[in-house]
Every structure is written in C-alpha cells, then in structure tokens.
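What follows is a group of structures, each given as structure tokens.
The following pair of complexes shares a single chain, chain A, combined with chain B in the former and chain C in the latter.
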Partner chain A sequence: MDLLAEIANGVINGDDERIARMTRKVIDQGTSPKTILDDGLIAGMNVVGERFKAHTIFLPDVLLAAKAMYAGLDLLKPLLIEQGFPPMGRVVIGSVRGDLHDIGKNLVSIMLKGAGFEIIDLGNDVPPETMVESAVRNEATVIGMSALLTTTMPVMGQVVEMLSQKGLTGKIRTIVGGAPVSSEFAREIGADAYGFDAANAVDRVKSLFNVV
Partner chain B sequence: MALTLQMRWTELRVSSTLSDRTPLDQRLASGEILVADGAMGTLLFERGLDPGACPESITLAHPEVLEEIARLYLEAGADIIGTNTFGGCPLKLAAYGLADSTNEINTRAVTAVRNAVEDRAYVAGSVGPCGKLLTPYGDAKPEEVYGSFLRQVESLIAAGVDCICVETMIDLTEAKLAVRAVKDVSPRTPVTASMTFDATPNGFFTIMGVSVADAVAGLTEVGADAIGSNCGNGSEKMVEIARTFRSVSQLPLTIQPNAGLPHITNGKAVYDETPTFMAEQARALISIGVSIIGGCCGTTPEHVATLRAMIDE
Partner chain C sequence: MSEILELSVAELMPDTTAVLENQGVPAGTTVSEQIEDLYYVACRLLAETATPVGVLSEISNSDFAHVYSGEGRNELRTPVGDMFERADHLALFAVTLGERPGHEIGSLFESNDFALACMLDSTASLAADRAAAVTERQFSEVLQTTGRTTPATGVLRYSPGYCGWHISGQKKLFEFLRPEQIGLTLRESFLMEPLKSVSGVIVAGHRDIHNFPISYNCCSDCDTRSCRRRLRTLFAG
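For the complex of A and B:
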C-alpha cells in the first residue's frame, strides 16, 4: 500500500521517471493494474484536481502531474485491456471549428483521464460532423466541446442540433465549456451540461455517465 | 531613380519621427498620463472578420480597415495606438499556414497605423503569446519561442514602430523572452509588458501561476519600460491589480481593462461597462499613479474618447 501512496505522491509532484519505475515495480510485485490505477495514479490526480480547484497550484503543476500520470498509465493500459477492465466511460473532446485555443480543452482532457475516463481528443478547429461521427464510431457517450471565442460558440449548438437530427439526443450527451461559455448559453443551445472549470467539468461528466 | 527617391523619403520620414517626437520612455519618466487605444479584435469582428479566421490575415486583404480603426482611436484622443499584430509571431501564424508571411504581415500592419496617425500618436507594435507552452510542461523550447518573437520584432522595428507592447501574457518566461527579443534588436525601443491575471482567494495570479510580485521582478529584470496588466478583468478588478503592482514596483504602470466580462446575448458577446463607468474607474488608476491607461476587449473609440475627456479635465 505504501508504494501506491508513493505513486500518488509522484503524480502530485510531477515526477514522471519515478512513476514509470515505481509502476513497473508494483506490477512485478503482482498488484492488480486496476488497484494501481485507482489507488496510485487516480488518487494522485484527485489531489492535483482539488489543489488546482483551490488555486494552491496552477496549470504548469497540473501539466507536469499529467505527464507523470501518463508515464504510469502507458504501462497499465495494455494490462487493463488484457484483464478486461472497461474504462469509466469514453469521451470525445475538442475545441470547436474555428477555435484554435486548446489550453482549456487539454486541461479538461487531462483531468478526465486522471479520473479514469478514456478520452478521444480531436484537437482544435474540429467541425461539428467530425465530433458526431467520432462519437458514433468510437461508441463514446459524451462529447465535450470547448470554445474561447464568442464567435465560435455557435458551433456548439450545431453539434447538439446534429445529434438531435440523427436521433442521438440522450444517447450521446454533450458538455460545453470555455471562457465565454455560461450555463445560460448551455441551456439555450440544449447542451446537457456546462463545466465552469476543468475540475467542475470532471464532476459534470461523472454525473452525465450516472444518468446515461 | 524612383527607388532612390522613395528610399530617401522613407529615411527622411523615419528621422523626422524620431526627432519630432519625444520618445515614449521620456514622457513616461516625466509622470505624464498617456491614453492607449481600445480593442482591436472587437472592431475587426464588427467589420466582418470571419469567426475563427486569422485576425492578422485582414492586414494582407484589407489594410484600409486597419487605417480606419487607427484613425478612430486617434480622433478619440489616444496617444498610443497598437498594430494588428497580436498573433503576428511566426509560431502563432504557423497555425494558419501564414508563418512565411511574418514580415509582410507585421510590416503592413505598422504602415497602416502610421499612415493614419503619422506623428500624432505613438505606434505600438503589439506582441501577444506565441500559442505554445514552454518546456518542461509543454513542447516549445525557449530558444524556439525567442527566435519566433525575434523575427516578429525585427519586422515591427524595421517598419518604424515607436514602441513595442508585449501583452496578454500568462507565462512569465515567455513574456521575458519577448521583452528580451525587443531589447536585443533595439535597446532604445521602449517596451511595455503586461500580463493577464485572475482573482483567486489567495490574490491575483495568471493561469500559469505568476503572481504580480513575480511579474514585477521578472519584467523589471529584462528591462521593460512599463509593466502592468491587460485583459481578463473589468475596471474594478484592474484597480486592485494596479494597486498590487504599485505596492511592489516604482516602474511606470500600464493598465488596460476589458469593458467588463462578456456575456452572451443572442449569440453575441456583450460587454457591459459603459465609457462613463470606465472613465470613473480610471480616476482610481490615476490616483494610484498609473501612466498608461487604455482598454482591451469590448472597449471602443467611445470609451477612449470619454477617458481622454476625463483626463484632460
């Protein structure tokens, strides 16, 4: 158990080399990959998420923690798949068409991975049809959309509309976020959820999966 | 022959700019309060800039729009007018496939403002973030980011700007690289450097965790001539930020608030702070001793004109 706490601490401190070493060690000792993920990597990212929410750490700390988390996750992934552990859920995420800003989207993506979700990151400037197609093809149940520009926000509404036209409303849920986006706007376009920051987005995605 | 004449004319004009105008840093040192312009992006969108298009692409297609905007801010009474080059470093332009046009985009943007204002206002070359995160938390190497700023700044200075305005920075290392690039190209070109802060329960920090005190130390170290904040906040929060800057620095301060934080009505961004409200808040900035007062997102020539009138009272 001590080693798992050390892994969690390694994530918090962004020590990627140490995480890779430690993860290999606990795998060799026979600890279940699911336990390493939950009590090591995710436990660490949860602390990172809390501290980020409380403004005691900032974006660079989260990015370094994410790097460390991936160092462990890359080793665990094949084992998790081999043992048939499904991810908590699959989320397609991207900055909408016309929007090249991706810091916020990347942050949400990191936090969702850190919470155990499987993320399909389509990058930025993603056309609405690509979002919908990717969600259908990958059997994702949530589409996350980010916009930093007031001028690109309407694209979010187009995705919601497209899902409705294809009869996918309720089957694929939508969450929106980004500096100019508000809960009023989310309601206005018929999105299922709005995340006001990265940590809040994770909570909202969790609740979307509970109702899906 | 024609070419020689044209070159002579350019040289003459550049030298007359230098001799006729007191350099910006001297006027700042004298304690004068200068008015900077308001938003560029807001006005570009009103004039048909496509959502999601590269704002700098308008410089190549419609430089006359930039002249018009500069003229509006000049008539409103701005002393310092920025160029449409916020995203004009090659690293940022590369996202739109325009890195090869770096020199043309920056040169033409300066020319447009200079045509409009001649010697009646300072032309400030705008330099915004490069859009990449630096190592170790991102992929961009410091020398790559520095090189990108250097290319932009060389074009801006060669085209005859009076000063460089490094703005909306959230990463102190990146901000310092930009200021260094200016000072390496031309030590005598004044640089204003401003960052974007968020209010947290523990004080003001950029998204990257830079405190006001950190910003002051870092930007002072690389030789910025004026430091401060722009964007991200309305006037009231900016007064608090200015006060925090003043408590740790005696350098001239530059403060450019948004006209409040935007909310969306009928799919459009609306900024609520009126010209009168912002001018009233600017009184507090003056009493703190801010040297350059202007506006960021959502501010218009009307905001600048009201501010000018208040200061001239």
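For the complex of A and C:
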C-alpha cells in the first residue's frame, strides 16, 4: 500500500497519531500538500462519508475519523496557504437563534471541512443578522442553518428574507437542515437547498458550488 | 415558595445505549472498543465537572395561566394550553449541570477532539434531562406523601420551546421561579445559561389529561414523537 493510501486508511480507522506521523513523512518526501490532501485525507473522509450514508458506520466513527483527518490537515494547512491553494468554498454555518442543539450542525461543519471547504462556524443560538453579516464580511457564498426546535425554524426564513432585502439572493446561497426541517419547508421559505442528513448536506453544498 | 434541590451526578448518568442512540447509533449496534472507551471517559469528565442543582416551585393554575401566556407567541392551541386548567397541581422547575460541562465540551471541540466532545455533549444533555426527570419524580413523591394524588394521577413535565409553547415563555417562567438562585440566566434569545439546563412545568392530574392527540399544528413538524414514549410510562401496566 502506498503512503497516501495508508493515510486514507488511517483516516477511515480514526488513527490520529498515525495520520500525523504519516503526513509528516510524505511532506518530508516532497509530495505536494494538495496531493496529500486530495488523495490521502479527503479520499479517506470520502469513504467515511459513503459508509456513513450507507449506515454502516455512525456519528462517533465519523468524528474519530475527522479527528484523524485534522491531525494531518493541521500540518498541511500552512503549506496549502503558502502555495496558494484556495479552499473549495467558504461556508458560514450555525444553529439558528433560540436553538442550542448543535450535534448535527457540528457534524456537517466537520464533514464539510473534510471535503475541503473553509467553514466559519458561528456556534448555536445565532441571530439572523449575525449569519448574514458574517457571510458578507467573510465573503462566504453559502450559509448553512440548522434547527432542532420547530419554534426556531422560522429564523431560517428570516435569514433568507434578510438576504433578499440586501439584494444578496443568488450571491449567498442558503442550505437548511435539522430534524423537523423538510424539503417542503426549505422551498416554502425560499432556501436554495435542504440536507436531510449530514452526508446529504455535504453533497448539496457541493452542488451549490458546482462541485461534483 | 421555591425549594432548592441538590442532585447527585451519579443518579443522572445515562447508560451507554441512551448516549449512543442520542448520536444516531441504533440500539443493539456493536460499537468499537474505542467508542465504548469514549463513553466511559465522557462519564468521568461529566462526574468531574457537573454540579447539578435544581429549583422547584408550586404554582396555582391561575398564576400558571399568566406564566404560560408568555410573550403572546405560543401557537393558538397547544397540548399544555389545553391541559393545565384540568391539572390538580402544577410546579415550575429548572435544573442545571452548571457551567463546567459546557466549557469542557467547548475545549474538546477546539482541540479537534470531536468524538469525545460529542460524547460528552450527549451525555451531559441526557444527564440534564434526567435531572429534570428526578425533579419530576421528587415532586410526584411529595404529592403522594402529602395525600394529594389518586391511583389515576399522572405526573409529566413540559418545557418552553416544545409542543407549541414558544421559547419566549422562558421569560415569565424565570420571573416567577427566579432560577438565578441556582446560577441560571436567560439569554436575549430565551435560551438558558448554562446551556446544559432544563426548565418547564410539571403537570399533575388525572393521567388522561396528558393523553393528547398528535393533531396539533406543532405535531406536524415534530418527528421525535417523544411525547408518546413519555405517555407510555403513565399507562404502562
């Protein structure tokens, strides 16, 4: 097995210490950081994402894999910046105002990072104006919103409305998700996408960025 | 008058199955040793950091009508709105695990220890809910020992933010209960600080008053149906 395949495998198995060691080794061997990222870390995370989608592994497995991936990513990040490789896109994400539930949001955030996106995670209980301001300030083109409470779902509509009022519809796209949220609700409030689970949310964000 | 309740961390600790289910792992799934270990570490961290405490205060039906009206943002018809006038006894409550579990979860996330952070988050959330359950049980026991129940009495709790009771209802609940005495404060968004806290009303009355149909507007958006599971405890046996 080549070293990049071993890195991918280490991510799949959630072996963070091994990943840090292996990543350091391939960097020292002169492999391009972008290659290590794409063919090692992201390749491993893609397998994890597929297994998660197929329900053969579950959230804790994904999070262990994510920790392993970050062990490598932390080493690559300065090199990627130095060599001018941009992220696949920038996404602002948060659980909406009044909602403290963030397991799903955290998972989407982690998996998006694993897919190569830059994430600005605003945490939970995020007011609509903060979501929009952060997206504008950070030049993010997607806002991801999560809600677990039916009573906080309307805040998602407020964000979409606020973007419209500021003439940002189409420039900043929106994706919504969370247990009580549905594709019908997403359509009703005018959101651009709906993710029914974390893996699906990553696919939908990729399609918003026209990344297959 | 409100009563402060000292709660023991040990009795709040949720079991492995519940914590894993909270993270989407179906019951009966065999998990790796690594994941099992995470659960035990999370329990240890929770035991080290949680300082559970609660406050409980009985409230008359008419006073609760005022609390429940909140900021006027409840749905028109709700289960609690339809049941509380038929209750024999009501009590407002709030419980918290204190600030430290939340800080610990935040630190773990910051150090990319996502799996442990999430395991602790689930464990703490379930422990906070168990603290609410213990409070409910204690209130039920007080009612029993003071001869204020019948064999048909059912006691269940309900919280703002759920079942059409708008989260802004926390404001009047706080004004009545004053849970600041156990370290709880309310954010502008009506969420509590510390986050690992639960508040609400405990409703005691004929168990049938809790058996509401799931045909309210709020029910159509709810996919947990956790009310059915709780109801079963009243009608079991």
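Here is the rule we go by: the second predicted complex is superposed on the first by the 209 of 212 C-alpha atoms of A that agree within 3 Å, B and C clash if a C-alpha of one lies under 4 Å from a C-alpha of the other, contacts with A are read in each partner's own complex, and residues count from 1 in each chain.
Here, contacts are C-beta pairs under 8 Å (C-beta built on N, C-alpha and C of every residue); 3 or more make two chains touch, one makes a residue touch a chain.
Everything numeric here is computed off the predicted structure, so don't read it as measured data.
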Clash or fit, chain B versus chain C on superposed chain A: clash
First, second, both or neither for A:Thr152, with chain B first and chain C second: both
Partner chain in contact with A:Ile110 - chain B first, chain C second, else both or neither: second
Contacts of A:Gly40 with chain B and chain C, given as first, second, both or neither: neither
Which of chain B and chain C A:Glu184 touches, first, second, both or neither: first
Chain B versus chain C as contact partner of A:Gly49, first or second or both or neither: neither
First, second, both or neither for A:Pro127, with chain B first and chain C second: second
Touched partner set for A:Gly144, first chain B, second chain C, both or neither: neither
Touching partner for A:Pro60 - first (chain B), second (chain C), both, neither: both
Chain B and chain C footprints on chain A, overlapping residues: 58-61, 63-64, 67, 97-100, 103, 125, 149-153, 180, 185
Complex contact set, residues of chain A against chain C: 14, 58-61, 63-64, 66-67, 70-71, 74, 97-100, 103, 106, 110, 124-125, 127, 149-153, 179-180, 185
Contact footprint of chain B on chain A as seen in their complex: 54-61, 63-64, 67, 97-100, 103, 125, 149-154, 180-182, 184-185, 188
Contacting residues of chain C [partner chain A, same complex]: 20, 22-25, 29, 31-32, 34-35, 38, 109, 112-115, 117-119, 121-122, 161-162, 164, 166-167, 187, 189-191, 195, 218, 221-224
Complex interface listing, chain B residues touching chain A: 45, 51-53, 95, 131, 133, 136-138, 200-202, 205-209, 262-264, 267-269
